[in-house]
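Should a chain be cited, it is by its letter among A, B and C, assigned in written order, with residues numbered from 1 in that chain.
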Amino acid sequence: MTQPAMTQSPRTLAEIAEALGATVEGDGSLTVRRAVHPSEAEGPEDLALAMDKDLLALLSGSKAVAAVVAEGVEVPAGIENRIVVKRPRYAMAGMLDIFERPVHAEPGVSPQAYVAPDAVVAPDASIAPFAYIGPRARIGAGAIVLPHVTVGADAVIGEGCLLHPGARIGERVEMGARCIIHPNAAIGNDGFSFVTPEPGSVESAKTTGRVVGTNVLIRRVNSIGTVILGDDVEVGAGATIDRGTVTATRIGNGTKIDNLVQIGHNVQVGTNCMLCGHVGIAGSTVIGDRVVLAGKVGVADHVKIGSDAVVAANSGVGMDIPPKSVWMGYPAVPRARAFEQYKGLARLKRLYADVSDLKKRLTAIDGGPVKVEEEKAEQQE
Amino acid sequence: MTQPAMTQSPRTLAEIAEALGATVEGDGSLTVRRAVHPSEAEGPEDLALAMDKDLLALLSGSKAVAAVVAEGVEVPAGIENRIVVKRPRYAMAGMLDIFERPVHAEPGVSPQAYVAPDAVVAPDASIAPFAYIGPRARIGAGAIVLPHVTVGADAVIGEGCLLHPGARIGERVEMGARCIIHPNAAIGNDGFSFVTPEPGSVESAKTTGRVVGTNVLIRRVNSIGTVILGDDVEVGAGATIDRGTVTATRIGNGTKIDNLVQIGHNVQVGTNCMLCGHVGIAGSTVIGDRVVLAGKVGVADHVKIGSDAVVAANSGVGMDIPPKSVWMGYPAVPRARAFEQYKGLARLKRLYADVSDLKKRLTAIDGGPVKVEEEKAEQQE
Amino acid sequence: MTQPAMTQSPRTLAEIAEALGATVEGDGSLTVRRAVHPSEAEGPEDLALAMDKDLLALLSGSKAVAAVVAEGVEVPAGIENRIVVKRPRYAMAGMLDIFERPVHAEPGVSPQAYVAPDAVVAPDASIAPFAYIGPRARIGAGAIVLPHVTVGADAVIGEGCLLHPGARIGERVEMGARCIIHPNAAIGNDGFSFVTPEPGSVESAKTTGRVVGTNVLIRRVNSIGTVILGDDVEVGAGATIDRGTVTATRIGNGTKIDNLVQIGHNVQVGTNCMLCGHVGIAGSTVIGDRVVLAGKVGVADHVKIGSDAVVAANSGVGMDIPPKSVWMGYPAVPRARAFEQYKGLARLKRLYADVSDLKKRLTAIDGGPVKVEEEKAEQQE
């Protein structure tokens, strides 16, 4: 399982092309061992990845003798052997499956790990030094638990999961197969839930617009629920997912969560969603399937976002969003309306000038506004 | 101290009602062992929590024979035994105190922990495997230090504190009694403080609006201060609190800090504040008592926020906020003004149409604007 | 290397003034051992730092007999011995170099650390209990690796680096000399990169404004690149830096990254940049030299920010920014334009009143708008 220093097992161009559903131009029997940036090629065993237009130009100075290029582009002279792909981004995924550099993991349980006597670890799982596996926790077949990971009591880790260093898996958390938890992600934390004996400042601000109650006494609402992740979920570095108050916070199959995302207690996220860096979702919100929240999107509590919705970066969502819609802004509105607002905002200076001009011209005709009207306008401000 | 697999000690409905100041309808001598979501009840020992209207409907299909409901609601037939509560959110807190599922912690110091020879650990504290307690650090009575926690040299942990896995307590940090530090929170980090020999780009941008100085040389300002937390403070998963430059960054009694919040060096936060997920507070800012900053609020450095103020989610605060006020927006302004701005923004398209119409109508009367005026307006843009 | 309990080695005022390029008033031979906040001075060996105007007033009640003050201020009576500095913020840096309180670190490799047999650790490096050094990793001269740090396989840590507790250094990551990695920072994580076989929801939203494709199938793009940090880089607590897809994510010499910052895969950051708390930079973006991004700034993917640019807090950058410019807002625009927009927004209510007044007055003259025009305006909305 130990990673070879810097090379992969050799492949022919024809083998790679077949795996990608691509075609070969030149010598398909040529053998390569690494996939590299064109300017980082060191010799004939390096395959230069030049699917981007910008990278194509670098091929002429590259030490590579083979490259991967997009269909229909003009390749600089000197690179006679090419794998030609149709959808470059998708081909990249296939390429990096072939040339993947898996993380180092020793087989078996390290003598420097802690495994509770009643925890159950699959025989082919890998438990690194300084990993902690709590009472009654279960680690599935082929799972890899890297150094400094904490798996709490009664947690269940599915087969083929990969837990990166410093990942914190709380008590009773369950995850399906093939999940990847990145460094220092924390799953199954207590929810941020407090209550005042009488309605507090936020409750009064929401209902009256003013602060009436004050939070002189605040009481903790304990979380006795958990977090359940489906299969193939990824949780980014430093991301946090709080457990449900009574039942589970849930993340559906295939959903990908980026670094430093925060997901509140009781939140329900569907399948195949993409939650980008710094996204924050407040408690009890429900996110449909295949929803994309771009970087830094904040979503209020108890909101519903429909399936296939896309929310643009930095938006603040305070209300329900229908399926298949594109929203943006703060507060977030449908994309067309947001663009209209930005356009309006950008032209405001001109509008003020126009109105000022109209005023002068109209005053030249009617001698100015009626006094009473003007005073009323002043008072309203 | 080990947690029982999935049940709590049994309680009668009457006992629970008494603890909550609630009333019982039906058989008060009925015994329950778990508090559950209505649809997750498995039998007669489960108490279904149905204080939310949405959950009430689920009671009819529930396997529970007892439920907690809000006063004045109509309960579906079949649930004859009920605890009836007045303020559901508050009752929930009481309920989850009774049915709390405390984290697993072994008594005493694990042989796999590291405790510096001159550290002082209370006899009834719990120190888990792979916890690190630095030189001269003191761990109070009943404190629980979970796996992978780092307690730096000279730090002081008050009695009854709970430090979750991966919490980093920096050197000299002090915390009062009953603080809860969630996974991977980092307290007592160096401040982000750098200075240029001559005024740099930010200083010139602030004073002149343009970049004059550039940061060719930047010098670190070391932090020799610390962080002091009061009693009953919570610090969320992945949250970060930097230490003061010379003296202490301070967090008052009872203040609750959510996940991924960042608090800069020298910041002073009062008592019973609630700082929600992703809040960021820049250096030397002063926050009063009982202030609520909703999710993703950013606060500039050297700002003062008055007691009982509430700031809405995603706002950017660049100036002082008076006590008991509700602010929102970017830049944040009083709530009423923010609403007025949003309303104005939403109607802008209509306003442009109106002005365009007025122009046409006025031109039909006066033949169009005076040329000189128009040119001046152009030049100003 | 062990830190003395609470004092530093003694210095005379004259020695300190010389190191700062400052002057002494009073007795230059006076000896001090600590630099403190005026109100925290305990006796004659404490030097009160009172360069801020606010702190100056505290000197009169201080137990210190010596203080550091800014040039040209009036010092309260009683403090006869003074170091007088010119640029207080810069003098503070010098002062805290002298009175720095270095972190506790034992010499050598702790028997409770894990060091892979083929890792190479410099003889004078310090490796704390529960630190993990992976296969073939190299730890430079004088580097300090604190508890719970993970250094992945093949990583290279330069001389004099300081890795705080819980820092995660991914496989193959390289850093130059004197880098400081704060607690729980994670460097070298997999990029957040996924692709659909056919164009997915985001691609269709960007090109058409509507969601056409949906992300029913999503495929992972593995990251086989790494992260390379230059010399004197700092990475804040909980910050995350993803590795490049094929080549390296790069951070230039002297760049300082604050807490909870997220830097995406393939990003290139120049020298001496300052990226403040909660900044997020999406994949493949290029940041010049000496760029300052204030707190919570978000930058889209594939964007270029020119050298010496300054972006104000909470801004969302969606397009290229020229060198030496100051931008702000969401979406970010040049500062002058942003101010104009805020001003326009603040006066909108008045503008609506003005236009309403103009309408009335004009209608009094021309009898109201032509019907056809009005209907067209309605339809456009």
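Details
Methods note: a residue touches a chain if its C-beta (ideal position, glycine included) is under 8 Å from a C-beta of that chain, and two chains touch if they have at least 3 such contacts.
All values reported here derive from a predicted model rather than from experimental measurement.
As for how the two copies chain A and chain C face one another, under half of their interface residue numbers coincide.
Chains compared, chain B against chain C: the Cα-based superposition rotates one onto the other by 120 degrees, nearest 5. Averaged C-alpha coordinates put the centre of chain A at 22 Å from the centre of chain C. Taken residue by residue, chain C touches two or more other chains at 130, 148, 166, 184, 238, 260, 278, 296, 330, 345, 349, 351, 355, 358, 362, 365, whereas all remaining positions touch fewer.
The part of chain C that touches chain B in the complex is made up of residues 2-3, 5, 35-37, 40, 49, 87, 89-90, 92-93, 96-97, 99-101, 103-104, 112, 128-130, 146-148, 164-166, 180, 182-184, 234, 236-238, 254, 256, 258-260, 272, 274, 276-278, 290, 292, 294-296, 308-310, 313-314, 324-326, 330, 335-336, 342, 345-346, 348-349, 351-352, 355, 358-359, 362, 365-366, 369-370, 373-374, 377, 380-381. Put simply, chain A touches chain B in their complex at residues 114, 130, 132, 134-136, 148, 150, 152-154, 166, 168, 170-171, 184, 186, 189-190, 192, 194-198, 201-202, 205, 209-211, 214-216, 218-224, 238-240, 242, 245-247, 260, 262, 264, 278, 280, 282, 296, 298, 300, 316, 318, 330-331, 333, 337, 340-341, 344-345, 347-351, 353-355, 357-358, 360-362, 364-365.
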